[in-house]
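For reference, the structures are reproduced in the following blocks.
The same chain A turns up in both complexes below, where it pairs with chain B and then with chain C.
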Partner chain A sequence: MTAHIPAPMTAAESALMDAYAAQLGDLPGDGAVLSARDTLLSELKAAGLPTRRVEAWHYTDLRALLRTVPTYDATAFVQPVEPLTAGSAVLRVLGGHADASGAPEGLDVITYAQSLLDGSAAGDLAARGDEDAIGRLNGSFVRDGLEVSLAEDSVLAQPLELQIVQSAGQSHLRFPFTFGARSKATVIERHLSQGDTASLISSVSDLIIEDGADVTWILVQEQGASDTHLGQLNFELGADAQFRLFVINAGGKLVRQEVHGVVNGEGSDFKLRAVNLMGGESHTDLTFTLGHDVPNTTSTEIIRNVVFDRARGVFQGQIRVAQDAQKTDAKMACNTLLLSDDADFSAKPELEIFADDVQCGHGATVIDLNPTHLYYLQARGIPEKRARQMLVNAFVDEVVEELEDEAVVAALEGIIETWLDRHA
Partner chain B sequence: MLEIKNLHARIAEDGTEIIRGLNLTVKAGEVAAIMGPNGSGKSTLSYILSGREDYEVTEGDILYNGESILELDASERAAKGIFLAFQYPVEIPGVATMQFLKVAMNEQRKYRGESELSTPDFMRRVKEAAAELKISPEMLKRPLNVGFSGGEKKRAEVLQMALLEPKLCVLDETDSGLDIDALKIVADGVNALRSPDRAVIVITHYQRLLDYIVPDTVHVLYKGQVIKSGPKELAHELEANGYADIIGAAA
Partner chain C sequence: MAAVQETIDQVRLIDVDQYKYGFESAIEMDKAPKGLSEEIIRFISAKKDEPEWMLAWRLEAYQRWLTMDEPNWARVDYPKIDFNDIHYYAAPKSQSGPKSIDEVDPEILKIYEKLGIPLREQEILAGVKSSKIAVDAVFDSVSVVTTFKEELKKAGVIFMSISEAIREYPDLVRQYLGSVVPTTDNYYATLNSAVFTDGSFVFVPKGVRCPMELSTYFRINEKNTGQFERTLIIAEEGAYVSYLEGCTAPQRDENQLHAAVVELVALDDAEIKYSTVQNWYPGDKQGKGGIYNFVTKRGDCRGHRSKISWTQVETGSAITWKYPSCILRGDESRGEFYSIAVSNGHQQIDSGTKMIHLGKNTSSRIISKGIAAGVSQNTYRGQVSAHRRATNARNFTQCDSLLIGDRCGAHTVPYIEAKNATAQFEHEATTSKISEDQLFYCLQRGIPEEAAIALIVNGFVKEVIQELPMEFAVEAQKLIGISLEGSVG
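Presenting the complex of A and B:
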C-alpha cells in the first residue's frame, strides 16, 4: 500500500495560503460567510491549483501557468474612465471597491460587500464542483462587487456599464444579477487595467434571467499584458427568455473565462458570440458548458479566435441535452485564424445528448489568411500590414456586427482595431 | 512609360517558366492591345506587372517611367500608379466596399505624400464615378465583390480604376463574361480615362472589345514572347485568320 504524498505547494499556492491568513481578520462577512470561505480555502489547499490531469483544466495547467501571485493592495490607485458608449449608465468598481450609486431607474443595486457583511451572500459562495478552482479562489477572497436586480417588465433604454478597473494587487469580485420577468437590458461587463504592474483578478457573475426577459450581456476583457484574469459567468435561463452573450478577450497574460449555463425554461434562446484576440506570450482559455434541460430550446455559439506570435488559445465547449429536452436545436462553431508558426490553439467541442429528437452540431476550423485576398488588397495600394489588419478584422467583425446597438458595435470595433494596431 | 526588356519569369512554386524573353514598350498616351491564344502568358504578364508574389522574375527588367519596379511590392506599384483590372475580381466577405475604397485611396495618397481625403470629398467622388458606371448605392453597401454578378464585378473594377486614377492601366480580359450593354459601359469608363499622360494595356482574346476601346498598337503574345507587333489593323487580321499564320511565320 502506498501513501498519497501531496505535491509540495508551488510559490503561487503558498502565496495564496499566506494571503488568506494575512487577510483573515479583514475579509468582509458574518460567521456563515467566514465559514464558507474557510471551507473553500481548505478545498483549494487540499486539491491544489488544477493541473492538466484535471479534465476541465487539461489545456490550461493553472498550477504550472500561475507562477506568482501579486500581494493584495487596498490602496492601488485607479481612475474612472469614460463609458464605452456615450449615454450608458455606469456602475464602477475601482481598485476592488464597488460603488452602488449611479444606477438608472428600475434597477436595485447594493454592493456585494454589504451582502457579505450581512451574511445574505453566504449561500452563494459554495464552489460549482470539484474542478471549480475559480469559484474556490473567488469565494475565499471575494471582498466586493455589485448585486443588481432589474424589476419585472422594466426596460433599460441605455446599456448599463459595469466598469471594473484594476492597477495592481488582487481583486476578487462577484456580480449577482437578477433580470425580472419580461425585463429587457444590455449590460457591458468591462474589465480594464491601468499601469503595467501585474494584477490577479477573479470575477464571478451569476445571472438569473427570468421568464420572457431579453438580455444582452457583453463581457469585454482588456487586462494588461502581465495580468491574470480568472472569470466565470453562470446563468439560468427561464421560459421564452432570450440571452445574447458576447465575449471579447483582448488582453491579459493568463486568462481563463468560463461560461456555464442552464436552459431551464421552454421556448428560450441562447446565443454566445466570442472574439478572442491573442498575442505575445499570452494564454487565453474560454471554457463553456451549457445544459439544455427542458424541451423546445435553441442555442448557437460562434467563437472566432485570432492568434499571433507565441500565444496559446483554448476553447472548450460542452453542450449537454437532457433526456427530456426534445426538440433542442444547438449549434456550435469554433473558427481560428492562426497567424504565426509558433501560435497554438486547442479546440475541444463536446456534445452529450440523451434525447433522441434533437438537432445538434459542432464544427471547428483553423485557417490562415487567404493569400489571394491579401494580394488583391495590396494590388490596390494597401500596404501589407494594413491589408492583413483588414482581413483579420473582417474575420471577427462578422460576429460583432450581429449586435443590434450601433454604438456598441462601433465601440467594440474600436477595441478590436486598437488591439490589431498593436499586434498585427 | 513602360519598358519590358528580355523578361523571363516562372511560377515560384514549381519553377515552370511562363515568360520567356518578352520585350514590350508602351508610351504615355498609348493604348496597347495584347492578344494571343490560351496559355501564351497574357494573364501571367499582368500579374507580374502588378507584383504578385506567386511569380519570380529570373532575367530581364521592367522599367516604369525609367525605373525598375522589380523590387517593389504590389502595394508600392499600385501607389506609383500601376493598376490591374482583374479577370476574376476577388470576393472578400467582411470587408465593406466603401471602407475598402477609402482605405485604398488614402493609402495611395499617403504613399505619395498627399493629404487624406475628407469624408464628404470621398463620398462625392465615389457617387459621381459610380453614377457614370451605373453602379447602384446598394451594390456599394455590400461587402467587396460579394454576390456581384460577373458584369457587376467588372464595373466595380473600372470604378476602382476611375477613383484611383492610375497612370498605367492593365485590363486583363475585362470583356470576358460581359453582355454587350455591360461591355459598352465598361468601355466608356475606360475611354473616359484615356489621356496623354496615361497608358492602357488591354489584354483580350477577342476583337470585340477593341471595337469599343480602339488600340494604338497590337501585340501578339505566344509562348511567353511578343512574336508580332503592329497597328490596330493587326487585330482585324487576327480576327479573320486566327493565330496560326503568325505563329507559323514566327516559328
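Presenting the complex of A and C:
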C-alpha cells in the first residue's frame, strides 16, 4: 500500500512548535522535567494535532478546529473575582500564575511551578496514551498550577474554590489533588476569562481519592466566546470512596473537556452529572471514560446538553468493565435538546464489558422541546420565549438540584439562567 | 448459584467443532492461479464473458484498491491477510451453464442436500404451494443454478446470477451497479468491485409483488479461495421483494476470506426485505481457521415512502465485520435493522448498522441482540445520523447484550449524530447476564435448567426472529441452539 506521508503542519501546529522554542528558556524545571517536556513535544510534533481519524477525537477534529494559537503573554492583566459562593476558601491562578496562599486548615498546598522546579513533577508529565493530545500539549508547556493534599480524616467545612482567570495569551496548568482516607471536601474548579481577547487554556487535574473519602468536585467552565479550553480531569477512586463530579460548560469557542476515571477500590461509587450549554458558533466536547476494575462498584452518569444557534456539541462516554469487576452496576444517560436546525449534536456512548455478572446500560436521546409542554405553558399566558426558557431550565436544573449544598445549587442555577438569558 | 456455574462450565467445554456443515466436497475445480493482479482480473472478466465496460470498471476499482489502507478501527484482531495468497476465482469444472437442475453435477446437489437447502423444485412443490422459494446457489465463485427462473419471469421478476445479468441485461446492471456502494467506498468493497465473481441479481419491476421468497445459498468449498460475491436487488416503484441468503463453508485450518457487497435500491413505495442467516465456518475451539467475513451491505431508499428492512442472524465466521445500512433518501422512507449475533469459541463479531436520514419524515428502527459465550468478543457498532434537511427524522435503537460466561466480552459503540432540531433519536443499550429471577421463575415451575435458559434466550431474541420469513425462522432458531449448545440446549 502507499506509504503514509505526513500532512504539512497547520498554522496552529507551527505556532505551537515555535512557542515551545521561544518559551523553552523560561519554562520551569530542568533535567527530568525538561526531558519529559521534550518527549511530549516530539510526540505531538510526530502525531500532529488529532483529526477525526483518531477515534478519541472522531467528532472534534482539533487539527481543523484549532486555527490559531495566541502567543504567551506573561503580563496580561487579570483581576480576582468574588468566589461563587460566599464563605468559600479561594486559591487563585490569575493569568497563569498560581498563588498557594489562602488555603484553609488541613490543606497542604504548593504551587505546581515549585514541583516543576524541584523536579518532583517529572513523573506525572507523561501522556495517557497515543490519543492524549491534551496531555501532550499540557505536559510540554505546563508552567504552574496547584498541588494540594487533604490530610486523612479532615473535613473541609466550606467549599474550596480554584479560581482560574485568564484574559489573553495561553496558560497550561496542572492540579494534582490527593484526598486522604476518609476525608471530605467540596472543590469548585472555576475557569473564567476577562476581556474579549482570545486565549488558550489547557488544564489537567489529577485526583487521587483514597479509601473512604467523600469528594464533590464541581467544574465550571465559563470562558469567553473566543477562547479555547482543553481540559482533562483524571481520577482514581479507592475502596468505599464516593466521588460526585459536576461539570458545567457555559462558555468557550472550542471546548474539549475530558474526564478519565478508574474505579479501583471495592464498594466505591461514582457519579457524573454534566450540563453542557452550547450556543453561538462554539464547539463543545465532553469526553468521558470510566474503568470499573474491581468488583462491587457502582457508577451513574447523567449528561444534559442544550444546543442553540450554530453550535456543535459532542458527548463521548465509555464505560469499561474488567473481567474481574463482577457485580458492577453502571448506567449512563445522555439527553440532548437540539434547538436549532443549524446546530448539531453527536453522541457516542460506549459500553465495553468483559465481566458477565453486571448490570450495565446506557441511553441517549436527541429531541426538540415537546410542543405539548410549550402549548401548556403558553395556554396559561406565558410568552413563548419565557416558556421555552422555563422548559430548557427545567431540563438542566434537574441535574444541578442533586447537589447537597444549597448555596452551590443557587450559584450554579444563576450561571445557567444568565447563560439562557443571553442565548435562548 | 451453583446450577448456573454448571452451565457456564458446560459452555466452556463446548466448542465450535460441532459445526455440522464442515464437510468438504470432492468436485473438480477450475481455479485461477493465486494472487491478485490486472491479469487475474482480466482472466475473471474473460471467464465470465463480460463486456468491455465491466472490465474497465473492475480495473479502475483495482487501481483504487492499491492506494487504500486496510481498515483497522473495528474491534477485531487477526493476523495480516496476504491478499496474494488467495485464489480469486474457483469454479466447479463441469460448469458449462446448466440449463436445468438435472444437468447440475450430482456432487453439488449432494452438498446442497447435506446443507438442507430445498434446491430441487419438486421438493418444494411437494410442500405447501404458497411457500415456494426460488433459489440461486453460488458455489465458490460461480452461481450453479437458479430455480424457478421461468415462473418468476412470467411475473416480470428477473432473478439470476449477476454474471448472467451482466450479459443479458447489461444496461440495467450498468445503471445500478455501484450506485449504492461505489467502487471507492471502502477497502473490502473496492476489492470486491475488482474481483467479484458471482452473486445474485434481482429486478422487480414497477408494481410487482414478487410471488415467492427469493433465496441464495453461498458456499465456499475450495481451499485458499476467497469468495467475493456481489448482489444487486432493485425494486421499482411499488414493488415488493423478500430475499434471503444463507452461507456455509467447510472446516479448514487456514482462514478464508469472504468479502461480499450487497446493494439494494428501492424506488417510490417499494419495499425490500433482506434476511441473512450467516453460518460460515467459525474456526475450531483453539480459534484456528474460520472465515473472515468482511461484508459491505447497503440499501438505498431512493424513492419516497420506500422501505428497506435488514434482518440478520449471525452465528458463524471467525471474524465478522458487517454493517448493513440504509440510506433514507426518499421522503417518508423507512429503514429497519434486526440482528441476532451469537458468538462462541474464539469468534469476533463487530457488526451493526448505519441509518443515514436524508429525506423528510424518515424513520428507522434498530433492534440488535448480541449473545456472547466462550472467549468471544461481540461488538455492536452503529451509526444514526440526521442531516440538515432531514426534518422529523425519527430513530429508535435498542441493543441488548447477553453474556454467558466471564471470559467473553460484549461491547456497544453507537454513533448518534443529529443535525436537525426536529430529529428525534432514542438509543438504549443494556448488558447483563441471564437474570437469576427469570431463571428461578422457570426452575420453580419444574422447567429443567437447560430448557429454561433456551427459553430465556429465545425470548431475548424473539423480536428479531419474528422478522424472518417463517421458513427461516425455524432454521435460525436451530442455528442459535447449535451455536450455544451446552448452554441453551
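One rule holds for everything that comes next: the second predicted complex is superposed on the first by the 420 of 424 C-alpha atoms of A that agree within 3 Å, B and C clash if a C-alpha of one lies under 4 Å from a C-alpha of the other, contacts with A are read in each partner's own complex, and residues count from 1 in each chain.
The rule is short, and it goes like this: contacts are C-beta pairs under 8 Å (C-beta built on N, C-alpha and C of every residue); 3 or more make two chains touch, one makes a residue touch a chain.
What you see is a predicted model; the values in this text were computed from it and never measured.
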Q) Once chain A from each complex is brought into register, does chain C clash with chain B or fit beside it? A) fit
Q. Between the C-alpha centres of chain B and chain C, what angle is opened at the C-alpha centre of chain A, expressed to the nearest 10°?
A. 80
Q: Could you look at A:Ser346 and tell me whether it touches chain B, chain C, both or neither (first, second, both, neither)?
A: second
Q: Spot which of chain B and chain C makes contact with more residues of chain A, would you?
A: C
Q.
Per the contact definition in the header, classify A:Leu338: touching chain B only (first), chain C only (second), both, or neither.
A. second
Q.
For A:Glu398, using the defined touch cut-off, is the partner it touches chain B, chain C, both, or neither? Pick first, second, both or neither.
A. first
Q. Of the two partner chains, chain B (first) and chain C (second), which one does A:Ala355 touch, if any: first, second, both, or neither?
A. second
Q: In the overlay, answer first, second, both or neither for which of chain B and chain C A:Asp130 touches.
A: neither
Q.
Just checking: does A:Thr372 make contact with chain B only, chain C only, both, or neither of them? Give me first, second, both or neither.
A. first
Q.
Between chain B and chain C, whom does A:Ala387 touch in the aligned arrangement: first, second, both, or neither?
A. first
**Q.** Shortest CA-CA distance in Å separating chain B from chain C in the superposed model
**A.** 14
Q) Where on chain A do the contacts from chain B and from chain C line up? A) none
Q) Which of the residues in chain A end up touching chain B in this complex? A) 371-373, 375-384, 386-387, 390-391, 393-395, 397-398
Q: Can you check the complex and tell me which residues of chain B touch chain A?
A: 50-53, 73-75, 78-79, 84, 86, 89-90, 92-95, 99-100, 103-104, 107-108, 111, 143, 160, 164
Q. Taking the complex as given, what residues does chain C use to touch chain A?
A. 66-70, 73, 388, 401, 403-433
Q | Footprint of chain C on chain A - complex, ascending | A | 1-2, 55, 58-59, 323, 326, 336, 338-368
